[in-house]
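Consider the two complexes below, in which chain A is the common component and chain B and chain C are the respective partners.
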Partner chain A sequence: MLSSMLVSGLITGTFYALMALGLTMIFGVLRIVNFAHGEFYMIGGFAYVLLYHSLGVPIVAALPAAVVAGAALGWVVERLLIRPVYAEMGARQQGRDEYAIIVTFALSILLIAAMTKIVGPWSLQGPRLIDGPPLLIAGIRVSPHQLAALGIALFFLLGTLYLLNYSLWGRQIRAVAQNRSAAAVMGVDVGKVSTIVFATAGGLAALAGALLSNMISPSPDVGAFPAIKSYVIIVLGGLGSPLGALIGGLLLGVIENLGAIYISFSYRDTYGLVLLVVILLVRPNGLFGEMRREV
Partner chain B sequence: MAARVSSLRRPAAPTSRTQLAIALLMLAALAPLPTLGLEIYWQGVVITSLYYAMLATNWNLLAGYTGLFSLAPAGFAMLGAYVTALLWTYAGVSPLIGIPSGAIVCAVVGLIIGILTLRLSGPYLALTTLALAEILRVIALNSFDITRGEIGLEVPALFSHQSSYYYMFIVAVGCLLIGLHWLLGKPCGLYLRAIRNDETGARARGVRTVFWKVFAFTISSGFCGLAGALFAHYVIIVSPSIGHLLVTGLVMSMVVLGGMGTLLGPLVGALLVNVSSEYLRAAGDYQHIVFPIIVIVFARFCREGLVGRIAMMFNARAGVNAARGSRTTEVLASS
Partner chain C sequence: MLSRLSRLKRLAFTSAMALAIFANAPNGAHSQETFDIGVSTILTPPGSVIQGIQVRQALELIADWQNEQGGVLGKKIKLVVADDQGTTEGGRTVAERLITRDKVSVITGQASSNVVLASLEVAKKYGVPVVNVNGWASGIRTAGVPQVFSPGPYTTRVITATVDTLIALGSKKVFGAFDNTDAGFSLEKEMSKQLKERAPQIQYKSVILDRAAKDYLPVVLQIQAEKPDVVVSELIAPAGYILMNQLYDQGVAPTKDTMFFEMGGMTDNPDFWKNIRGAGKGALAFGHYHPKFDLPAIGVEFRKRFVERYKVEPGRLSFQAADALFVILDAAKRANSTESAALTEALAKTDYLGTRGQITFDKTPGPTFNQWVEVPYAIFQFTAVDQKLDDTTLLKQSNGPLDLKGIVAP
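Right, the complex of A and B next:
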């Protein structure tokens, strides 16, 4: 029982990490929190479900299309709305935070309301990736769909972390996160890097939404809780730390699952807040966060 | 570039007495409407606007004057409403005690959240208040045995006539604005605005920034709870929908539209948003689409809001006159 709950916690945690990774990358590069992150997740879920059900697109094509939809939305949002943030970069932190919070929060409400107008307030269940009877692996029952979703999520999660650490783009992203003006001086196109980070984050969140659409049917406001959990995770892991997002995501998944058996199932969404309060009390910079120095 | 720099500046006199006077005149103009035959329905719209104006004024104290971003004004209103509703349902406590208790509970929760998050620099307050607001709402929804979930708890009415609520909310908003004006005129008001403009600089000049940030968040949370508790006894039913994030979105759009950091802005914004919501709702529930777009446009191109823009125009004219005056004195001096 315990081991199976641990494993299912790690599975949930993988999807949380997928969302939190994008969020923490955005924070690392732009120093803002994207309050519309849950809506990227929602768009991914709906793109997948609607392409499959309404247009009859096969799953193999619908899943990448959902990722592309999320990435495209991220790209557009960055280009149209987040660009002005750079103008105030460094000059005046207050104006930047103010603008970013107001605009991303308003965007989140706008996307929820627009989606409710377009598809209605109902939830639509997504198709399985693979059909088949549940498998027994080491005494734990998993459906082939869950295994496939987990595999894809892990592939993208580890792939993004690998690219972040070893590719040229990844190095540029980390350079901008460390010191924006120094990176610009060294010839990194900071605007382009920010756009790529936003698009990647949108794509990852949309992927999570599409992969989970069979277990959690997408509705216009489905993104609220995944988003809140990723906020908890990025604080837990340390704002701007990709490794922290991964570890934090797995940790939150396990804690929620253990809490669901040992404390109460119906309140499992609230454990994140308790965890958040504990981190803020004990280790406000998060597990992998660095002390921010102020000049 | 020059335009961008100037758009960052705040209007010169945010707490001006003129704005308070205009706000009180507006409230005074609203007051006799029920006796002049304002329909019950539109009385309700004004009451709701005034409730929102209370939330928006408190959000403005944080966002506009102190530079703090809370995403839980609706969450605190819901908490305040539930405190008075639960006290009435399970202990038979009169609303006269229940309403202040709601405000006090919210202030205490605000104090705790404030102490936890405001020691740190970064977006911790916004993240924590968002999580708090949504999780409180889920607890209220799921604890069916205690809160009856979505059905909500019934609470007693305070008055038998709607117009009494109308006057009560007018008085409440008036007191809130007078109190805010008084507070901002004190040294504390200067500290808050110093924190908003340059927190590091304010700390370097000896302002206890953490203390004043926690102070602002605590009183703002308390008054949001008070507004929620008062509103609960007007709608007579307390349900989790009071604390929906859409409500926070509306509060934000009122302040951004009216003008952040202006005393009059939230009231003007609340009336504009609520009255136009009535028409947008009739046209097919477009309010949650239209207002976020307005917010984004204002945040991008007109961050001082309507009242701030008008105040700037007046200030600019005054500036021109002052410049003309100084040139005259120069001419006089040289002759």
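Right, the complex of A and C next:
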């Protein structure tokens, strides 16, 4: 059972990482915590389910459409709600953190209420990517849907990490993350980078919601738990560190699963918090976080 | 002159009083014309909203139906609906508010045990009766609150039926999954007790799960390692849906080696098949209503009106809510009053033919106090995806034998 638990923990952790990667990118570039991140996940899940069930859109189109819906929402949110943090709050950006907390928190409540109004408080199961009986791989049972979802999640996760490290787009994001003003002086369009980051984060969270919609049956409040886990992961991995989000996600998935079996399922959500405390005692900036000093 | 002045004063005083009474007449007349019934139910998460909606639909249907016929004692029935979210805090606050602010004379609609438990003290404090729709926990009855009546399901009844089935199936190893609610804890305790007493040959393990969790895979893998003959789940929707799907995804249950027994009564939820696909095929289910029940005339009429109005078949929760409201109206008629104390007294003497049978309340202190002991139930099996309740294989009605010949291996 140990190997099954490890594998299932890694699978769960991959989806956690997909959520957390977007959140940490937003923090890295904009220095704000998006409290509505879980609702991008919810929007992705519902977009996928409703497109398939209500409009009869095939899975191959519904899945990308869900990602686009999350990205589009991210784009709109950044332009309408987040941009004023930088554009209109003056050079010293006083009140920036308070504004960001209030506006993203309010957005979270608004999106949940709007979705409840639109679809009702029901939960709806998403379609399987691939139907069929579970496969036995090296003694571990995995459903074809789970395997396909994992493959897609890994592709997007590793692809985003690759682009962040090796593409011009990624270099611009990293430049803005390191020093927003210096990046602007060097010709980087920081506004555009911020929008792209928010849209990417929205798209990744929506993808996670869509891929998991078969297993978790989205409901309007479904985003709360994954969002909380994402906050734990980005602190665990180091705020603003994409690699930290990946490792932190996998670590959390495995620790939760092992704790649930070998200690008690009832405390499953606390194992991550215990791990977080232990890591922060040893490395106050998280696993891959760096000390920052602003002058 | 003096007496004339005095008369004028008296006239002025009387006129002022009459004016005051007249001015207040609309409010006073309004409260006289309606029978205000408080409805505390789940309209938003974290409780099971699908349960609250079924309860509310049934109550509104009956209120409108009875109002068409002139209401009760010449008063129109007015439902004052409040959202308790299925939480203990919500239950207590809503009960207090319905009684003190909205001045209702009776409360019903509660769809979860913790809400009923939270309202026990409030009911006792104000002397307002509560007619419990779906609180299963034994603590509701053992508390012995004379104002609380339960015409719905209860722990010992559910577990007795479940253990009967497990014994008849010849189970050797059973794994139980319960949620971390008052009902979950109560059911788990009773299940352990009854299996130990009545079927010591059955190896039994159980787990209490967080109803708000979205992933039960670690437990599913634990069940997989245990290889039980039957997995019994009490989890209500949406948690129950997630567990069923994950058990199915991992090939654990229902399979030819491991049956799945749904004990929480969620299989007649209108969104059941929207959330459960292959995982439902072959599942055994426990419910408090089945279309093959031989319903009394009022039950047949209720079902007909429900289908006409909502375009769906009523589930067991709708029947439970219907019975709760019908016994309240019956008590009001017998008491010739809508006052709380008179209603409580009349409710205790209930002997009413409800939608599913003759309802009376037991007076024995303990787990059946103020309980409709013979509340009907059914055990049935789904043999196909998207199967309607009418088409499922009915294995047992509460007053009949358990017929396992019809069971199909998944």
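Keep in mind that, in the parts below, the second predicted complex is superposed on the first by the 279 of 295 C-alpha atoms of A that agree within 3 Å, B and C clash if a C-alpha of one lies under 4 Å from a C-alpha of the other, contacts with A are read in each partner's own complex, and residues count from 1 in each chain.
Rule of thumb we're sticking to: contacts are C-beta pairs under 8 Å (C-beta built on N, C-alpha and C of every residue); 3 or more make two chains touch, one makes a residue touch a chain.
Being a predicted model, the structure only gives us computed values, none of them experimental.
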item	value
Simultaneous placement of chain C and chain B on chain A, clash or fit	clash
Which of chain B and chain C A:276 touches, first, second, both or neither	first
First, second, both or neither for A:266, with chain B first and chain C second	both
Which superposed partner A:238 touches (first chain B, second chain C, both, neither)	neither
Which superposed partner A:44 touches (first chain B, second chain C, both, neither)	neither
Partner chain in contact with A:225 - chain B first, chain C second, else both or neither	both
Shared chain A surface residues [contacts with chain B and with chain C]	116, 225, 266, 269
Of chain B, residues touching chain A in the complex	4, 8, 63, 67, 69, 71, 116-117, 119-124, 126-128, 130-132, 134-135, 138-139, 142, 196-200, 245-246, 248-249, 252-253, 256, 260, 285-286, 288-289, 291-293, 295-296, 299-300, 303
Chain A to chain C touching residues, read off their complex	1, 4-5, 8, 12, 53, 116, 121-125, 128, 133-134, 141, 143, 145-146, 214-217, 219-222, 225-226, 256-257, 260-261, 265-266, 268-269
Contact set on chain A toward chain B in their complex	32-33, 35, 81, 84, 87-88, 92, 94-95, 97-99, 101-103, 105-107, 109-110, 112-114, 116-117, 224-225, 228, 231-232, 235, 239, 266-267, 269-270, 272-273, 276-277, 280-281, 284, 292, 294
Chain C residues within the chain A interface of the complex	43-46, 49-50, 53, 180, 207-210, 212-219, 221-222, 224-225, 237-238, 241-242, 245-246, 249-251, 271, 274-277
